[in-house]
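Submitted below is the structure of interest, expressed as structure tokens.
By written order: A, B, C, D and E. Residues from 1 in each chain.
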């Protein structure tokens, strides 16, 4: 998984029927020091993430292992909302700070 | 998934029989700000996309989760036509503008 | 899928038994403008491709969806020989020109 | 698999239910000479790795082949703690040195 | 698949039980001209490769399609030892030369 920030959303009326009612979020990938990387992904939201949330997303076939994405043409899923992480014992990000 | 623009198509008469009658489109990958990236993919079209459409494509085994691509040697599928997306609340792309 | 050119072949006598009698071709990846990229792949040939042919190859589990590669330790397969492709309505490559 | 160093951990209260009680570790990827690369991954720990340990991690569907990760939306797993490795006969890393 | 050279091995006593007795080799990836690339992988050996051998390795779920790696948390497998390869009709590498 990689860490990312929810920065937007995509509207797509015409899509594979198995993706109806799935929320498609634009995730800006961050590095382990919480700096944005030159990389993004559009992921299905499986945990009720909102704008600005730091999240974890999984890709590939693992992105289809949630109830919302099973057997669907989806290669990226937000499967966790990050509360905090640390590096070398020092806090890098704290949601509620 | 990543966002891309349909910029061309590929003709291939001699191909694996499971890919007969599948439309193969050249997709120029765009970044989240709608700028073209130095990356492309040839994807099977599962949603009737046309030249110039902004689309979402899925890769890997997830590309085989549509009725048109199931069990086929296809590692990229266009599974949505993008109407619009936003970043930080500001509209980036609007199909009908 | 990506577009590539068949530029060579690999001989490997000692290999997993499930790969016996499979032709292993070296494919130079090309970009959508038909320029060679700094990337290659060794792929199993499922369509009778020959030296100099422009081809499409699929990777990952999708590479195992042909009769020749099913259940085999193969992560790249040539599944189409390209006749032509266009970008923005202009022909980029034409096999028989 | 790639070699990495456990440098931190992620706390995520709200996550897919299938990831409850899974330890999420931040792994700094190292190259074969034991130099850190500009790459990281957040992986589920399947072997009881601790801070500072050098580990091997597997990605993609292979990350779901441990008892702790089976059928879960997890695309990276720590499946081994590295004791040592050598290059060209010379020891590069030795855990207990 | 990509071509690589076996340059080392990894010792890991504590690992997922399904990887017991599997040989873990460090493979330096080479390009099609036999030049080393800035890329490596740790792969399970399924063909009895030795130090200095040029090999082919497969990644992802395809890495689990050998008798030694089936259903195991392994995302890279050496599935062939390269005898030779050519580019444009000219020999690039010959094991027994």
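Rule of thumb we're sticking to: a residue touches a chain if its C-beta (ideal position, glycine included) is under 8 Å from a C-beta of that chain, and two chains touch if they have at least 3 such contacts.
Here the structure is a predicted model, which means the values were calculated and not measured.
Least step count on the touch graph, chain B to chain D: 2. Interface note: chain A and chain B, two copies of one sequence, contact each other through mostly non-matching residue numbers (shared numbers fall below half of all numbers used).
In whole angstrom, the spacing between the mean C-alpha positions of chain B and chain C is 20. Annotation for chain D: residues 59-61, 63 touch two or more other chains. Ring order, beginning with chain D and continuing to chain E: D, E, C, B, A. Every residue of chain C that touches chain B in the complex is listed here, in rising order: 1-3, 31-32, 46-48, 56, 58-63, 65-66, 69, 77, 79-89, 92. Chain D contributes residues 7-16, 18-19, 24, 26, 28, 40-43, 51, 59-61, 63-64, 71-76 to its touches with chain A in the complex.
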